[in-house]
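Each chain carries a letter (A, B and C) given by its place in the written order, and its residues are counted from 1.
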Amino acid sequence: MGDPIIETQDLTFRYSGNDSPSLDGVSLRIGRGVRTVILGANGAGKSTLFYHFNGLFRPSSGRVLFDGQPVGYRRRGLRELRSRVAVVLQNPDDQIFGQTVEDDVAYGPRNLGLDEREVEARVERALALVGMSGMRDRNTMKLSYGQRKRLSIAGAIAMEPEVLVMDEPTAGLDPQMSLELMELAEQLHHSGTTVVISTHDVDLAYAWADEIHVLRKGRLIYSGESEGFYSDPVQVYLTGLIQPSMFLINKSLCDMRGLPEVPFPRTETQLVSKMASGPKGRFVILPVRDAMSPSMVDSAVSWLGGTEIRLGLYGTTCRRLLPDSGVPVDYVFDGFESCMSQCLMGRDVVLLCDEGCVDIVASKIRRLEDFGTVVETKVL
Amino acid sequence: MEYILEARDVSHRYGRGEDSPYSLHHVSVGIREGVRTVILGANGAGKSTLFYHFNGVYRPSEGEMFYRDIPMSYEREHLYQLREDVAVVVQNPDEQIFSSTVEEDVAFGPMNMNLHPDIVEGRIRDSLFKVGMEEYRYRPTTQLSYGQKKRVAIAGALAMEPKVLILDEPTAGLDPQMSQEVMELVDQMCLAGTTVVISTHDVDLAYSWAEEIHVLRMGRLVYSGPPEPFFGDRDAVSLAGLTVPHTFSVNRSVEGIRGRSESPYPRTESQLLAKMSPPEARFGRISVRAVPEDGAVPDDGGELVGIYGFRTRRLFDETGSRADVYFDAIEGCCLGAMQGRDAVLYCDPELVDVVRERIRGLSAFGRAPEVV
Amino acid sequence: MGGGRTSDSGTSEHIRMDALAYSSRMLIWAPLGKLILVIAVLVVNVMTDSVITAFAVLALGLALMAYSTNMRIPFMLGVAIAEALLILIVACGIISINGDHSQPCIWSADFLWLDFYMTADSFNQAWLVLLRSVAGITMMMAFATSTPIPHLAQALRQIRIPDEICEIVVLIYRYAFLLLERMDTMWSAAGSRLGFSGIRRSISTVASIAVGIFTSSMNLADKAQVSLECRGYRGYFPIYNRPQRAGIGWISVAVIAFALLYILGIHTEGVVDFAGLAFGA
């Protein structure tokens, strides 16, 4: 666990006068590069808390530290802080300030006072990352909800923050969009951004988080690894949450079979690995840089010896290249999990993967070894 | 009469021009009376548009709508009558609450139906009781939290005592416990004879709840029927912008590895576990009891106590009795029993048989905890 | 939808006032009755020149307000009243030093180019104005803290203002909260992206927010229309629990209060001489 990038010390906040506080003595540390989830029911104080992270709210008492330094509430301090901590709100409509897509993404960088060349470069990068490069001139009013959501994230990424805070990122998104978004969060995490998500979706939180901070009525009641919190059903109940289904299934199953609960599976493939094992297929990773073609897949197939394969996809670049490439991909969304579950059933699989994401995928495969699954892997 | 609501070859486009896009394209769908139905589809697939055809707010550009086999007439009086029978709860309660106090808002529907004030009074009480908002009756709606507003919006629809209740994304934006409470209420409405239709893109919710699903993709109906064949067709699921539910895919993978048949398909965690449980596991017993009218529940000590049904819930709230499983209790008690604990499940008197049936139903997947 | 997310941009005060009105003990009183009483008292307050009447009105207003809010006058309301008082005192100070030069002076001074000239009349006049205004404000506050807007609309309806207008008032009131909340959120979002650095940026940000609010209000109107139809709307808003109607009782209370205060005023004009008390003149 790295040094804390954001820290609050005894943070208390009340909206005005003599009300009961919306945050009450919250002391937490968010480690640099730690996938962090702020968990709590509606009205627990999640939003209030992260408005403190970027200095939008000022604590009634206690203090907020960024990178070890107390946050300054003077103009310059705030400016600096907000360029390093970006916040994405739940509803994209609340944060679109431009007529066209590129205008909107440029809004933040321009406010930072960057020169146009730099602004342009950042807009380009941010839009590429969310897979919207082709839509620069589109009117923001005419985008679909999922596109507006991605746009709002691009707007935050364009600030090139060290910390990206997302409030309920998957709320209102359909399942494929949610998966795509979490894939993006994973990519940002691996590129060095500290990603903080606030949510009440326990399944999402459980699958993704390294560390959770749980709020209940403005008080911090838990900080640490997910399992420590979910193992206490009374606490979970009092917080207005439920146990994630992966956790619950694992627990029940282990009780029934008299197995240890550890290691805790957090994804479906981990759970399945723990529950059943048979002959595995082979897993081929095909890194994609800036072109994708059927011949790449053919070479992978011939390497595998011409067997029937399942083809998946991972990463925003691949996704963007897919429509024009003519590659018959089976799993466009949740490519890793889908391929891996096929692999567990004994099929050979190929995963087309952004060059930058190869490490992510490799580490996911290694993680499965804890659950008893060793898969023959090859990066072509 | 096969369908209570039916769309025959219905198309709908916004605007009149020849080139205005279709939001529904030759959709034929029938809702069976008393069948738990889910309309599934990604954002923008046309779910809401279809809903608004069911209660006559939208009129099809082509095709015809039927209510109880009678073609819908778009005469004013007929429309009013249709909407008394078919209530829609929209996703965002803020769009649906018009009055400044809770009581006034719940009364809005019944008052529109020109009911006698005494009847309206009864309906207000009844529906606020069901959603657990009695204490908030005189509160201004602007001061409610999101979850409370949602409850008021649902109470507003219940107060009209509709034959068909249509809910658009009923659990969106709600925290998990609140979602479970809403789904429990919806369940109870079904059992009481209301036909409930839910639109959602939450595949896990749809899979665990629905008897029949209708899947929309870009304004076209791509599937109608029980959920399993649809989710078994990976390409169709992917094209519709959806994913495969967790229980479905875990079951598929595990049975695939073991080389066994996927069916029977478990839809809930307890069903999945019943299927996966080893024969040597010792199950606890579940005692299903009607909640005593005075709410005086004997504290038996070691047993797991679960509650199910809004009456039971209110009684437990009032008496402050202890419950371990407060939400989604049938599931919770089954899981508890499978881990070897004995459980007591208190529920509303009329639900006792249904709940027992459901628990016994687990035996189709392997072994069920004993019900006493 | 993280619960009551309101910040320091005024929304919370708006909501607070509303909450206060709804929790008032005078909520169930007929809104029109309250309105008539307040108007009657305010009129008599300026019709008589007696300080005693002003005192009586002040006492009545304070009593009503205390009853209405159950003695818990919120901090912010207190600040608002204090602010109003301060302005009044300054204004009355100016009245008091602008006396008629033909009358005997009780205090005068020259300060820079200003010529202070206070007479007994101007001094008394200032006190009367001050008391009257404070009394008037208190009376109006008593009304405002006990009557939410929808009830006011109900009162308007009773004096034959067309239903359409009353409904629009209620709907505006209802949606104002939503739009304010939304503005609040957009404000925060803009701040998070440094939208308020520099005057030019602030102006364009505010313009974008205004556009956003406008489009969302259009959307809201659209959706509200559909939801209305879903709930069996028949072209008018039914009211289930009508607040009490103002009957003969309320009118007679208002008339009696008016008469009593008026008679009191006639008989006590000039009884209290502040100048005499203050300067012994």
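As a convention for this text, a contact is a pair of C-beta atoms (placed from the backbone, for glycine too) under 8 Å apart; a residue touches a chain by one contact, two chains touch by 3 or more.
Nothing here was measured: the structure is a model prediction, and the numbers come from that model.
Engineer: Would you kindly say which chain has the C-alpha centre located farthest from the C-alpha centre of chain B?
Structural biologist: Most remote chain from chain B, centroid-wise, comes out as C.
Engineer: Tally the contacting C-beta pairs at the B-C interface and at the A-B interface, and name the larger one.
Structural biologist: A-B
Engineer: Let me have the rounded angstrom distance from the C-alpha centre of chain B over to the C-alpha centre of chain C, please.
Structural biologist: 47
Engineer: Counting in whole Å, what is the centre-to-centre distance of chain A and chain B, each centre being its mean C-alpha position?
Structural biologist: 30
Engineer: Quick check: what residues of chain A touch more than one other chain, meaning two or more?
Structural biologist: In chain A, 42-43 touch at least two other chains.
Engineer: Counting only residues that touch at least two other chains, what does the list for chain C look like?
Structural biologist: As it turns out, chain C has residues touching two or more other chains at 1, 3-4.
Engineer: Hunt down the residues of chain B that sit against at least two other chains at once, touch-wise.
Structural biologist: Within chain B, the residues that touch at least two other chains are 145-146, 173.
Engineer: Looking at the complex, which residues from chain B come into contact with chain C?
Structural biologist: Interface residues on chain B, with respect to chain C: 52, 55, 57, 80, 83-84, 87-88, 90, 92, 94-101, 103-104, 107-109, 111-113, 117, 120, 124, 139-143, 145-146, 156-157, 160, 173.
Engineer: For a test of understanding, state which residues of chain B touch chain A in their complex under the given definition.
Structural biologist: 42-44, 145-147, 172-178, 180, 201-204, 234, 238, 241-243, 246, 249-250, 252-254, 256-259, 269, 272-273, 276-278, 281, 324, 326-328, 335, 338-340
Engineer: Would you tell me which residues of chain A are touching chain C in their complex?
Structural biologist: So the residues of chain A touching chain C come out as 15-18, 42-48, 51, 54, 56-57, 75, 79, 82-83, 86-87, 89-91, 93-98, 107-108, 110-113, 141, 155-156, 159, 167-168, 198.
Engineer: Which stretch or stretches of chain C touch chain A in the complex?
Structural biologist: Against chain A, chain C makes touches at 1-8, 12, 74-76, 182, 185-186, 188-195, 197, 201, 205, 208-209, 212, 215-216.
Engineer: Can you list the residues on chain C that touch chain B in the complex?
Structural biologist: Those in contact with chain B are residues 1, 3-4, 15, 18-19, 22, 148-150, 170-171, 173-174, 177-178, 220, 223-224, 226-234, 237-241.
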